[in-house]
Structure formats: C-alpha cells, structure tokens
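Here the chain labels run A, B, C, D, E and F in written order, and each chain numbers its own residues starting at 1.
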Amino acid sequence: MSGHLTILPVLLPFATGVLLLLVPGRSLRLQRAIGLAGVLLLLGVAAALLAVSTQGGPRVYHLGGWPAPFGIVLVLDRLSALMLALTAAIALFSLLQAVQGQDRSGPLYHPLFQLQLVGLNGAFLTGDLFNLFVFFEILLIASYCLLVYGSTAPRLRAGVHYVVLNLAGSSLFLIAVGTLYGMTGTLNMADMARKVAAVPAADVPLLHAAALLLLMVFALKAAVAPLYFWLPSAYAAASAPVAALFAIMTKVGVYAIVRVYTLVFGAAADPALGGLATRWLLPISLITILLGMLGAVGVRELRRMQGYLLIGSIGIMLAPIALFSAGGISAGLYYLVHSTIVMAAMFLLSDLIAKQRGGKDDLLVQGPAVTQAGALGLLFFVGAIAVAGLPPFSGFVGKALILSAVRPTGWMPWIWSLVLVSGLLAIAALSRAGIRIFWDVDADDAPVAVRWRLLELGPTVALLALVLGITVLAGPITLFLDAAAEQLLVPGEYVRAVLGGAP
Amino acid sequence: MIEMIVGFFMIAGAAFALIGSIGLARLPDFFSRLHGPTKSTTLGVGSMLIASAVHFSTGPGTSLHEVLVTAFLFMTAPVSAHLLCKAALHLRVDRGAAGGAGSAG
Amino acid sequence: MIELASRVAFGMMALALLLNLWRLLRGPGAVDRVVALDTMYVNTIALLVLLGVWRGSPLYFEAGLVIAMLGFVGTVALCRFLLRGRIVE
Amino acid sequence: MTLFLTVLLPFLAVLPPLLVRRHGDQRSRLAGLCAIPTAAALALVVAAARDVFAGAVPQASVAWIPSLGLHATLRMDGYAWVFACLVLGIGLLILLYARYYLSAREDLPRFFSAIMLFMGSMLGLVLAGNIILLVVFWELTSLSSFLLIGYWRHDEDARAGARMALIVTGVGGLALLGGVLLLGAIAGSHELSAVLAAAGSVQQHPLYVPMLVLVLLGAFTKSAQFPFHFWLPRAMAAPTPVSAYLHSATMVKAGVFLLGRLHPVLSGTPEWFYIVSITGMATLLLGAYRAMFAHDLKGLLAFSTVSHLGLITLLFGFSSPLGAVAAVFHIMNHATFKASLFMAAGIIDHETGTRDMRILNGLWRHMPYTTALAVLAAAAMAGVPLLNGFLSKEMFFAESLFIAEMRGLRPIEPVLAVVAGIFSVAYSLRFIRIFFRGSGTGMPRAPQEPPRFMRIPVEVLVLVVVLVGILPGLVIGPSLAIGARAVLGGDLPYYHLTMWHGLNLPLLMSVIALAGGTLLFLVRRKLYAVYGRVHPPVTIEAGYQGVARAASAGAAWLTGTLDNGSLQRYVLLLVGMALLAGAVPVIGRFSAGALPRTPVDAVTVAGTLMLVTAAVATAALHRHRLVALIAISAVGVIVSAGFVRLAAPDLALTQLLVEIVTILLVLLALDYLPRRSPPDTRAASRVRDIGIAAAAGAGVAALAWGVLTRPADSISRYFIEQSKPAGGGTNIVNVILVDFRGFDTLGEIAVLGIAALGVVLLLSGVDLTASRQHGEVARDRAPLFLTMITRALLPFALLFALFLLLRGHNLPGGGFIAGLMAAVALILHYVASGTHWTESRLRLRYRPLIAIGLLTALATGLGALAFGHPFLSATFTYVDLPGFGEIELATALVFDVGVFLTVVGAVMLMLSRLGEPVPESPADAAFPTEAAAWKP
Amino acid sequence: MMRLLPQPVISAALLGTWLLLHNDVSALLLASGAALAIALPLVTHRFWPEYPRTVRLLPLLRLAAIVLLDIVVANLRMVVLILGPVSRLRPQFVVVPVALREPFAITLLASIISLTPGTVSVNLSGDRRSLLVHDLNVEDAEAAVRRIRQRYEKALMEVFE
Amino acid sequence: MEALMAVAVGALVACGVYLLLRARTYPVILGIMLLGYGVNLFLVGMGRVGAGAAPILTEGTSDYVDPLPHALVLTAIVIGFGMAAFIVVLALRTRIATDTDHVDGEEVL
C-alpha cells in the first residue's frame, strides 16, 4: 500500500466525498463523523508523505501504469508534501469549526468540503499541466459551492464576481496550456521542461506569451494585483469556516507559480523564458503588498480587512519567491505557511467576534462590548501580532527570513521598503480594528447574549497554537524549506524522476 | 454507374435542402415560410441518405442504417413544426405578453 | 464523378445554411428565428451525411442521427418558452 | 540556564492574573502574585553580580533558527546587569505602588498581566545576546506598552495615545529589524558578542549608513527623540505606575540602551556623531522648552523625560569614552529620580483628583512628607548638588566642553547645554511650586498623605537619589564602572566620581544654569504670553496626525476607488493583463511558422463566415435575450459541424448534445431573468469594450495562427500506436479519455457532479414559483403530439445511448455522449409532460446516481490496486463466446459506465431542479437552525 | 406475454433499430438486440401509458408507402411554388375534422400532414375533434380536407382501430 | 485553412470578451459560452488542422489527426458545461435574492 501513498491525498477525500453523498442528509451527525474521520486520516497521510518527501528525490506515481510523458503522473516532492500537510491541517480546523453549526445552513456541506480537498490535493500533486487545469476546476467548482453556501445575498453577489472571473481565468488557462501543447507537443511538465529548454529561437516569443498568460492565470488565483479584487468580498461574505479553508486556496496559485516557473520555465530555459517570472512577478507582488495593506487600512469591516491583509501577505510571500533563489523561495514558503495558518485563524476569529457585536457585526465602529472581550481580545491580540509580522510569532520570523533572503539582490531596497512598510500599515489597520472593537465600547449598547463554548473557540485557539508551533519550530522548518527550495531549483532531479534516464 | 447514382442523389438532396431554405428565406409570412423546411427534412435529407446508403453498400456489406435518420427525423420534425405553429398562433393572439422578447428583431 | 457532385452539393448546402442564418438574423419574429435554427439543424444532417460520403467515412453518421433524434428538443423548448413562458412545469 | 530562568520568571506571571478568580479586592493577591517572580528574578540577577563584577559575561544559548542566525542567546555583561537591576528593582517598587494606586473596581488582572509581560520583555531586551532576539523583545515591549497605555480604554485619549505609541515605536522596531539584519549580515553573525567584535568591518561596509539609519530609527522612536518625541506625552494617558515604569524608567530607555549596546560597533564615525548628537541636542532642547510650558503635571514630567533622553542620546552621540560613561550614569540617575517624580505625581493626582498645575496648590500643608520626597527628586532633576542628577549633569557639561574643544573651540555644545540646563531648572521649579504656593484649597479633593505602603517605593528611590548624590563612588561607582566598560567595549577612561571637583568650568555652567533657571522661572508669565504667540501652529504631532489621517483617508479612497465593486472593472483588468502578457513578448518578434498551408474549401469558408456572423450577432443582439440565445445556438451547431470538418466525430457528438442541454438550461433560467437587458449606460464604455474585445480576439487569433503554422511533434504518436495493442480500443480519443488520461476524466466527472450539487445547493429553500415572471400563457400545457412522440421516442433514444456507450471504446461514442443522450431523452419528458408526471414514473434519485457513477469510476481505478498496479490501470481481454464469436471485455468500459451514470445523474439533477419547485425531500432540506447566532 | 413484452411492436422496432445502428447482423447482435428489445420496454413502458392497443402491420406498411410516395410528389410540386412568384401562392388555413380517437393515431395523422410538403398541422382542438392545417396553396379547401381524411385518416383507422 | 481557424477563434473570443464585459448576468453567461467555443476550437487547432483521418483506427489508414487535443477538448466541454450550468443557476438565484440581474448584485447607474 505504501507504494500508493502518493495518490491517497486525492483518493481519500474523493471516496469520502462520494460516500457522503450516499449518506442521507438527515443524519448530519453521521456526515460530520465521516467527514472528520476523512480529514483526520488525510492529515495522517499528509504527515506520512511529509516524512517520505524528505527521503531522497521526488516520488513519481504513474497513473494507469502508463509511462511518462504519455500518462498522467503525480509527483511528490518536498513542496507538494508541504502543501498537502498544510491543506490537511487547515481543513481539519475549518471542519471542526463548521461542525459547530455552520454546516447546517444548507445541504451537502460535507461532500462539497471533501471534494474541495480533492481539487486542492490533486493540484498540489499532479505533474501534468492539463491535469492541473482539471484539478483547478474541481477546486474552483467546489469553492463556488462553498462560497455561496447558505445563499445569502452578499454571498451570491460575491459568488457572481468570483465565478465569472475564474471562468474567464479558466479560459485563459486553456489558451495557455493549448499553446504550450501546440509548441512543445506535450503536457507533462517534466517533459515540457525538456522541450522548452531545447526550443528554437523563433519559437521563444510564442512560448513566452503562453508562459505569461499562464502566469496571469496563477496570479488571478493567487489574488495578486491587479487581479485580487474578487477576494475581499468573497472572503468577507463566505462563512467563517469556508473563509478559513479558502486561506489555502490562494496558495494554490502561489504553488503553481513556484512549480511551473522553477520546473518548466526555470534556469534551463531560454533566458527570455527563464527570467520572465521574476521580471513580471516582482513588481506585481510589490504592488500587491502595497495595495493589500492600504486596503486593510482603508476598509471599514473586519472581515474585509482580513481579506486585504491576506492579499498583502500574498505579495509578501511572492516577492522573495519571485527572485527564484533558494533563500527567497524558502523564506517565501515559510511566510506562505505562516500566512495560511494565521489568516485561517483570523477569519474564524473575526466571525466569532462579529457575532458578539449584535447589529454592528464586523463594522469597525463603536459598538456594544464584545461579550467575551477577554478571551476574544487576547486571541485577537495574538493573531494581530502574528499577521502584522511583529514578534514573537511566525510573521516576524517570516519577514526576517524574507528580508535576509533578498538582501544580496538588487531588488533589496524595494522589497525591504515594502515589507517593512507593510508591517507599519498592518499595525495601523489592526490596532484601529482592535481598539474599535475591544476598547471603544458604547456603554448604552447592550452586549449580545451570544457566548461561545470552549469547543467553539477551539479551532481558532488551535490554529494560533499552530502559529506558535511554527515559530518555535522555525529552525527545523526552515531546514526543510531550504531543502525544498534546493530541490525546486535543481529541476533536473524532478525531470529524471518523472521521465527516467539521463537529463 | 453506382457513382452516378450517388452523385445524383447527393445533388438532389442538396438541391432540396437549398430550395427549402430558399423558401424559408423568401416566402412572405411565417406560416408559408414554415413549409420550406419540410422539404429539407424530407427529400433533402432523404436523398442524401440514399446517396449514403448506396455509397456504403458498395463493397462488402450493405449500409441500411441511413433508414434510422429518416425514421427519427420523420418522428420529430412534425413536432417541431407543430409547436412552432402553436407558438406563432399564440404570439399573434396576444402580442406583448410572452411574445415580448419574441417579437424583437 | 462523386468528387464533382459533392463539390456542387457542398456549394448548395453552404448556400442553404447561409440562407438559414440570414433568416435567423432577419427574424422578424422569434418563431421565424426558431424555424431558421431548426432548419439549420436539419440541413446539418444532410451536410454531415454528405461529408461522410465524400470522405468515405461512416464515422460522422451518428452525429446526424443524434440531430435527427434529438435536434428538435431545442426547438420544442424554445417554442414552449414562447408559449408558456417556461419549459418545464 | 539561570539566565533563561531569569527572563522566564516575569513571563510566568503573565497568564496567572487572568486566571485568578475575580471576586473581592484582588489587589494584594495580584500584586503579590507578580512580585514573587519579580523578586526571584531580581535575586538571580543580584546573585550573578559576583561573576559580572569579576568581569565574566554569563551567556546561554539555544539554537532557534540557524539559517536566520537567530539564536535564543542571553548574555549578561555589566551593561545588561545594570539594566536588569533597574528593570526588576523599579519593577518591584512599581508593583507595590500600583497595588495602592489602582482602584479595586478596575480590571486589575489585565493590568498586572500586561505589566509582567512588559517586565519580561524588557528584561529579555536587555539580556538579549542575539541582536534579532533583541528586536523580538523590543517589539514586545512596544506591544505591552500599547496595552498599558490603553488600559483605561473608555478614555478616548488613552486609546489614541496607545495607538500612536504603538505605531511610532512599532515602526521604529521594524526599521530596527532591518537594521540588525543588515548589521548581522555585515558582521557575519547576529550574536551580540560577535557583532560587538566586528566594529572595523562594519564601519567600512558600504551598507553601514543605511544600516545605521535603520538602527537609529528604532532607537530614536523608542526613546522619543525628536522628531518622534510626540508619542511620549500622549502616553501619559496611562495609569501613573505605567508612566513611571515604562515611560520614564525603563522602556523609553530601550532606545538609549541600544545606543549604548551597539556603541562599540557603531559609534565613532562622523555619521554617528552628527545624526546622534544633533538629534540628542534637538531633543534635549525641545523637551526642556516644552516642559517649561506644560500645565499637566505628568505632561511636564513627560517633556522633561524627552529632554533627559535627548541628553543621554547626545552623550552617546559624542562618541567619546567619557560621554558614554556619563550617558550610562545619567540613565541610572534619571531612572531613579524620574520614577519617583512620577510616583509622587501619581500620589498627588490620586489624592487631589487633578493634575492641572494651575489648580494644584499648597500641597505641603496636607502632605508634607510626600512634598519632601517630591522636592528632593525634583531638585535632582534640576541638577542641584548633593543629588544624583547634579553629578551626571556635571559630567555632561564637562563632556560638552571637551567636544567643543575637539571640534575647534566653537562653544556650540556648551552653550546649548547650559540653555537646556536653564530650562531644566526652571521647569523643576515650576514643579516644586505647586507644593508651596497657595493655601491648599480649591482642588477637587482635599488631599492627605497616601497610604504608608504607597510611599515606600518613592522613599526607596529618593533615598537612592540622595545616596548617589552624596556618596557616588561608594554607592554607584562599581555598577557604573561595569556598565560603562561594557558600553565602551574596553577600558574605562579616567573619571572621578565625586560631588566636588573643585572650581571648574562645568561647575560654572551648573551655577549659570541654576541661576538662569531661577531667573527664567521668575519671568515665566511673560514667557507664557510669548509662548502662546510663537508656539508653532503646526507641531510635529499635528503633522503626524495629519499624515496619519491623510494616509487613512487616502487608503480608504484608493481602496474604494480601485475596489469599486464593479465586476466589469475586474474583468477589464483581467483581460487587460492577459493582453499585456500575451502582447509584450510577441510584439515585434512574431513570426508565422513554415508549415505548408492547408487548402480551404467553400463550405469551410461559408462555415467560418457563418460562425463569425452568428457570434457577432449574439454579441450585438444580447439585449434581446431570446434572440441572443437562438443566435448562440446557431454558433453551437456551426461549431459542431466544424468539429466534423476537423475530423473530430466524438467532439461533434458531444458538442451537439451539450448544445441541446445548454439551450434547455438557459431557457429554464431565462424564466427568472428579465427578457431584455437595459441599454448600456455609456456609449463610450461600449466603444472601449469593443476595442478591448477586438484586441483580445486578435491576440488569440495571432496566437492560434502562430502555432497552427508551425510543424508539430507531439506525444500523440504514442497514443495512436498504443491505442489498440495497449489500450484495447480503436477510438483513440476514447482510449485517451478512459485509459491514458483517465485521471482527467475522473476529475471532469467530479466537476460535473459537483456542479449539479451546486445547483441543488443554490436552489434549496427557494420558492421558484414565487419568483417566476407571469405573463399571458397559452393554455395547452402538454401538446398531444409532443407528448406522444416523446413517449414513443424514449426507448429508441435509450437504445441509441447504450449503443454509443458500448461502442465508445472503438468508435465515436462513450460514456459522456451516451449519458447526455439518455439525459436529454428523459428531460424531454419533463418538458413535454411536466415534472410531476415524469417523476411519478421515473423513480430515479439523481444524487445517489451521481455518487454511484463516481464510485463506479473510482472503484474501477481502485481495482487495479488489488493486483498491484497503479490506480486507474486498465485491462482488457478477448473472450470467445461459443456461437457468438469473440467479444472484448475491458475495465475501461466499466469506467465509462461510471462516467455515463454520473452524467445522467448530474444533468438530470440540474435540469429537474430548475423545472419545478419539487417538494424537497427531507434529505435536501436545510437543517433547522439550532443557534440563532449561526443564522447567515 | 404481456408482462414480458408490454409493447411488442416497440420491441420489434428496437431489435430492428439495434441491427440498423450496428449496420450489421450477427448472432451476437441478434442476441443482445433481443435482450435489449425486451429489457428496454420493461423500463420505458410506464412512460407511454396510452400505447395503442392494436397495431395492424400490413395496413401500416401500406400507409407508409402511400405517404412516401405523396412526399416525393408533393416535394416536386413545391419546387415550383417556392421558386415561382410569391404572388401566385394562395395560403389558407383549413380545418380538418378528426374522427380518430386513438391519440397516437391522431399524432401520426398530424405528422403525415406536416411531412407532406405544402401542408402543416397547426393545432389540434381541445376536444381533439378537429385539426387546424395550414396549406400553402389551396385551390379547393374542401377537396384538400377530403383528401386528407380519405387518404390518411382512413388508413390510420385501419391500423389502429 | 489555418487562417480561417484563427479568424474563427478570434471572432469567438472577441465576442465572448465583449459580452463578458457587459453589466448583466445573462450576456456575461453568453460571453462565457462564446469564449468556451473559441477556446475549444483553439485547443483542437493545437493539434494542427492539416489533412488527416478522424482518430479512429481504421484498416489502411495511417495518417490521423492528433487525438490528444480532442480528448482535452472533450474534458473542457464537459467542465465548461458544468460551469455554465452552475453560473446560470447562480445568476437566477442571485436575481431572486437581490432583485436585480446586474452583475454587481445591485443596480448601478
């Protein structure tokens, strides 16, 4: 069975999801139990894969037994293992929150949740560009459903934007993949890497265009400027557990950027192709930092603010990644892990807070005292520190890693300025929010009678504990990430693992 | 000889289709225009199918599956025509209601 | 012989389809457009069969059969929409 | 490890206060709870004195993030020891003081928790042996300061002050982070000991100046140096114990602590000299000047603190050994007298109910003992002999003369130093005056001596002030020596700690300052009038406020303008970016390929023409929705025919069927949508959109042209060769779909299934009948001919579907096509005979059908695992059935059956849901909501 | 027998269709076709409750021949009408009384009318007793109605009633 | 032929994009569909459009068109259909919930 471990992250939620479709909707408890069991198992599988990924080179799974590049392959390397583990962890806490009651505002929550995981995990594993498209579509359609879950007007409104933009993005994806297939005659990314490296000069402009179109697709998913506008409304409208799960969704875009532009359009490619991601991605990610953080300062609702902070954090992680140096990728990935966890926590927390503010909800205005101001305030304080990149939490570590990773490059002044300014803006935004919510209390506004049980705070607390965990364990984690980055920057190993034979 | 037959039916089929389409294009009112397509449906497609059946029946084996197209087209085409008539009647009876979008052009 | 005949036939089919499209765009009423669309479907059957004969390939036959069997569904639905405002009740 | 324990101890008391049960008067309990670890930590520090005084530097280190050079290293040299004593010693006194200062009704756990968080952070800061770790603690002190300033959260000033302090010091901390990262990178290590040893290489480095600026930004913001001083007076909204502890004795000292800490490695360059000393001088003067005019008791003390911090900065800026000694000395002295002054101010506020110096009067009558203490401390602040402030100020005067001499005898420094001294004396006198003027009436409350134990901290500090002033060599000498030695990183300069140095220039300066100060005090009323007129209308603080407000408003404007909620804008951006991405690499470099062009024929030309026309018609007529639907259906037919032209029979079949279902779907929806779109509001945007769209079309066309004209070489040859021998089918496309790339297909049917679930989800709980548009409708619901033909057709359509399914592996067809076929045939019954009629006969539950379909496909794939093959490995065999001949059995067919079932289930589910508001089966009904809070 | 073969004519047609779809005849096809011809109506007969009780095959074949012949003839006549001057057309609605009672038979009648170029079944009255027909070129309305009734309706009666 | 193909694809994409930029859900849906046709044709074209038999193995034929794009397009059609179904229903559901079919869920003038 261990030989098939690589495919389990796809099969397990798939089977669980389909099984859940057969469970009558009435037996919600059974659905919850099955769903949670599935995610727990998935977490175990992901942990095992994480361990496996550190042993030797990439592991390749030939679907249908067909040799690459003809069949579809799954490839497990450190990066994909990391993403799988992160996904499973976020999924667990999101689901734990959802089963507190938000899964009952409509049918089918649990199967959709599992199928969402299928899409995510498949995207992280596949070694085939068209198959990546297919998994993107799975995760998108599932995310459409989860986003509009409950069908409230704001969710539907946000849903229309999200769906239309992503459908346009999918068309773009197909055009890009089609062009790449037309030019290289293959879909397997490792094979494509070889073909791209050997492409005649006359074909470079077209490939270049295709590569950039693909970058735009990934940028849209990653919510990078100027393509992030779908995000704040979508995440603000989504139910909290869904928004928390979505914290991983933008990372699919980031992942795809890292994967494709190290492997296919990496150092081995024509110089015009090899450096294109840096040329485009760096300025864009810097603008993303600025606009995201300014957005956080400018908005008047807590949930939207988290959305903007998330956008800013995407810029922060992409800026070092865009250098495609080992240190940059490693630092960017650390920030990715940090941002995903802490933003998931903040989405959950924002909802917990807003629901204790009655009609004021998440509006950043004077309102009633938050019913459990002590506990929620403490959690908010911790989360805000982490988000803003202040010590002692992982945001600080991540920013420090980024700053020191980009130091030897000419981009340093820009990246440093923006990363540091992002901290200022985040502090400004979050302190304003915290003060408005927890300190600026209208004594005439009666507190609402909503009190959270410990269980309902649990996932948030656990996610913040995880933030602490990745801070304390930053040493081993950065070692792992350094190795992951090295692995990414030597794509020959990946190519050999997939295609076999000499490079 | 076979080729002649095939060629003849090909052209006949296309001609009937064309004539039907001309009828659809040039006749003055809806109900009159509706008669055009029946030509395409019947002899247009029919002749073409004969051409096909003859063509694919040369050599080993015979080809008769063309009959199916005719059979099913004969089942379904009148239903289309019938519903179109009903719709036309309806729209003419009360313009502006359900026909609001319909009368646009 | 077949080559020549098919050329002529193709030309006539093309013209027929163009005329259908003309009626589809010209209207004037919705029903006129629907008739045009319906006729296009039917003429497409003829075109597919013609193409099959010309290429000597039976592979396109089923496409024609699909239209013959289910091509009217679109027309039915459109008419029903015009008649009743909704197609399923 | 003792070091770790020392730092850990205060942190241990962070959470317990929050967990203490809240009833009764908790003050003693909480203060005691916090005092225990504080005292223990202090004991540990004191116990370390022997080693430290002997010149040892205890150090402990644990690896944390090696790749970052961040280790949890603690290190206690003399400088750190001195500060640790200050932090813990004054901390202990503050705890005692706060026990009496705070009211029992307040939210005390929060206060004590934050105080202990601060204490631990500050202790960590001073003991940090790794400069990144130092930043960690640095920012933690800012955060705890934020919590403490905003402790009285109902007070608008407290909230604003807290936020301002956090932003200013927090930003400084970020700059500092940048600075120390650079410093560490230059020095080759972030370990303090290594950094301190790398002075030479650091100062030569091209990045020295940026690094210095970043580090100094951190230090200056923290220590409220000009032009970042304004946050400190605002921080006075905090409870007085906080002001005494954080905002005079310790936290604000972190900046100057850092100047001293990095003195060996950073100082001595012209950049250091000018930036640090000018900043220090400006702050010194500004603070003193502003203190002169403050009417709030704590405000006066705050500006005085600013001024004294400027003094210390200036001393470090001098870069001279003696300057450093003086700086360290003044840090210690200021901490003691200023903390005691704040405590006294707190007592006064506490007792009288006001801090307004215009109201306070005659306090000595009611609280003579407190008056004595306060006056002594204020005298130290003024630099009166016999008190510690005099000594360090004397050193400062001496050093200013020395520096002036070094720089060529232009006495700028000494003159300015004396000016500052004059102001300092004057504002100290203003402070003292409140005790003695007037009769002690007219204040909100009649004051009396505070509780006994509240005075003890003041007494202790004032005792130190006096003892140091009289017996400096004995009391403070050794501590100063070890502290200063660490700052200098080597030998101490010669200095003599004594009250009396004989008649010299510094003494003269002191005398001038005292006399001048007294004079200034006497003419203060005239100065107030002048001040009122000349005080700049735009202060730095107002500038900060203005910038902050503008930034906030600007951010809100920018965000609102960019993110205006308009999808059209977002799509435009996406298309625009794609255009850019597609065009930039190609423009000027585009070349068509060498592939010989394929000849065209009349039908293809006509077809293309029709396609273009129909597409344009769809776009042009989109406002007439039904017409646009008919036009787009024509596009669909033409595309299907196009697939035939391109020799893609499977695609043609699929497209035709999808087309039919799509018409049904859109018509179903159109019932609930307006039949027409309103006109576009602006012609200009329509023209722009046409331009963008044309460009996009041209771009894709060019891309297509570029690829189409190039020779191809693809992996497809393998599929053509292996389809039959390895895949067991002659329909290569189908073999690819169910075998070579079956994983894609599994994903694809999953998408379809999920989409159907999404439709269920969207339509659950909505009453479609209520929402549909009502118009005049024809009476005939189920036209006879339609129903008859539909019913007669069904078995044949299903037979055809099965035919296509079974042969799909070898000829055009397959699960998807067959599934659509069957679904359309069934849906037709919904159209012809109605939902009720159909569903009473068709007892299919679509959702389980989807599940079974997906499971079938999944199980087919999993079957291979049992035989040790990878997921989705297919197999086939030929069986000879006697009398019937050879037939092929392939697992691919089972997989395709899964596809078939999923497609039927999904399509039926979607379309049937849209048709009629079927009474929801309990399974699909929304669950009753338990908690009202979860209501969306 | 009825249980196994609820709609025998359909079953026969299905078998025929199966063979035609494959465009081939073999033992395997006959067997599988027979199986499907039995199985499918078992599933689908519920959807056709008004399945005609009696269907006489010989009259049916005769009718089919007549109709096919008429279609060819009518087509040729129509060529002149469509391509000729529009002003010569005399389109008219005519009402055809319907004596048939079997719903499927009425449907077939209407279909035959529509399939014959020149006439289209427009509407069936609510009581199913008269059929509105549009005739592209009417010279004698009564003759047209008579022709339909005698040539098709009678034949249909023989088949179904 | 290559040029015709490019023109067809370009026209479909252009019309699709134009409709995608409209303010009402219905034209946007049509735009997505047109875009889908364009993209699918584009993908088929990536196997080139020269002569070649349909990719069904037949005795005596060796020159087949590239089958892989056909498989990809089939997948794309199915996915596109699922997506279209979803957005159609989303559009009508949003109309019901917000009382407008403006893509922004509120009447913007």
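The criterion applied here is as follows: a residue touches a chain if its C-beta (ideal position, glycine included) is under 8 Å from a C-beta of that chain, and two chains touch if they have at least 3 such contacts.
Predicted model only: the values in this text are computed from it and were never measured.
*Asks:* Counting one step per pair of touching chains, how far is chain D from chain A at the shortest?
*Replies:* 1
*Asks:* Pick the chain whose C-alpha centre of mass, unweighted, sits closest to the average of all protein C-alpha coordinates shown.
*Replies:* Looking at where each chain's C-alpha mean falls, the closest to the middle is A.
*Asks:* Average the CA atoms of each chain to get its centre, and name the chain whose centre is farthest from that of chain E.
*Replies:* For chain E, the chain whose C-alpha mean is farthest off is D.
*Asks:* Looking only at C-beta pairs that count as contacts, which pair of chains has more of them, C-F or B-D?
*Replies:* Result of the comparison of C-F and B-D: B-D.
*Asks:* Can you compute the centre-to-centre distance for chain A and chain F, using the mean CA position of each chain? Integer Å is fine.
*Replies:* So the centroids are 28 Å from each other.
*Asks:* If you average the CA atoms of chain A and of chain C, how far apart do the two points sit, in angstrom?
*Replies:* A distance of 48 Å separates the two centres.
*Asks:* Would you kindly tell me how far, in whole Å, the mean C-alpha position of chain C lies from that of chain B?
*Replies:* For chain B versus chain C, the centre distance works out to 8 Å.
*Asks:* I'd like to verify one number: the distance from the centre of chain A to the centre of chain B, where each centre is the average of its C-alpha atoms, in whole angstrom.
*Replies:* 55
*Asks:* Please list all residues of chain F that touch 2 or more other chains.
*Replies:* 16, 20, 25, 28, 38, 42, 45-48, 53-54, 56, 58, 68, 72, 75, 79, 82-83, 86, 90-91, 93, 103-104
*Asks:* Give the residues of chain B touching no fewer than two other chains, as numbers and ranges.
*Replies:* Chain B, residues with two or more chain partners: 20, 22, 34, 36, 41, 56, 63, 65, 68, 72, 75-79, 82-83, 86, 90, 98, 101-102, 104-105.
*Asks:* Hunt down the residues of chain A that sit against at least two other chains at once, touch-wise.
*Replies:* 130, 134, 137, 141, 144-145, 148, 151-152, 160-161, 164, 168, 175, 178-179, 181-182, 187
*Asks:* Okay, in this complex, where on chain C does chain B touch?
*Replies:* Going by the criterion above, the answer is residues 1-2, 4-6, 8-13, 15-17, 19-20, 22-23, 26-36, 38-39, 42-43, 45-46, 49-50, 52-53, 56, 58, 61, 64-65, 68-72, 75-76, 79-80, 82-85.
*Asks:* In the complex of these two chains, what residues of chain D are touching chain C?
*Replies:* Counting only chain D, the residues touching chain C are 601-603, 605-607, 609-610, 613-614, 617, 626-627, 629-631, 633-634, 637, 640-641, 644-645, 649, 652-653, 656-657, 659-660, 663-664, 667-668, 670-671, 772-775, 777-778, 780-781, 786, 793, 796-797, 800, 804, 811-813, 821, 824-825, 827-828, 830-832, 834-835, 911-912, 914-916.
*Asks:* Any idea which chain B residues touch chain E in the complex?
*Replies:* 16, 19-20, 22-23, 26-29, 31-32, 34-36, 38-39, 41-43, 56, 61, 63-65, 67-68, 74-75, 77-79, 81-82, 85-86, 89
*Asks:* Quick one: which bits of chain A touch chain F in the complex? Just the residue numbers, please.
*Replies:* 130, 134, 137, 141, 144-145, 148, 151-153, 156-157, 159-161, 163-164, 167-168, 170-171, 174-175, 177-179, 181-182, 187
*Asks:* Applying the document's contact rule, which stretches of chain B touch chain D when the two form their complex?
*Replies:* Result: residues 72, 75-76, 78-79, 82-83, 86, 90, 94, 97-98, 100-102, 104-105 of chain B touch chain D.
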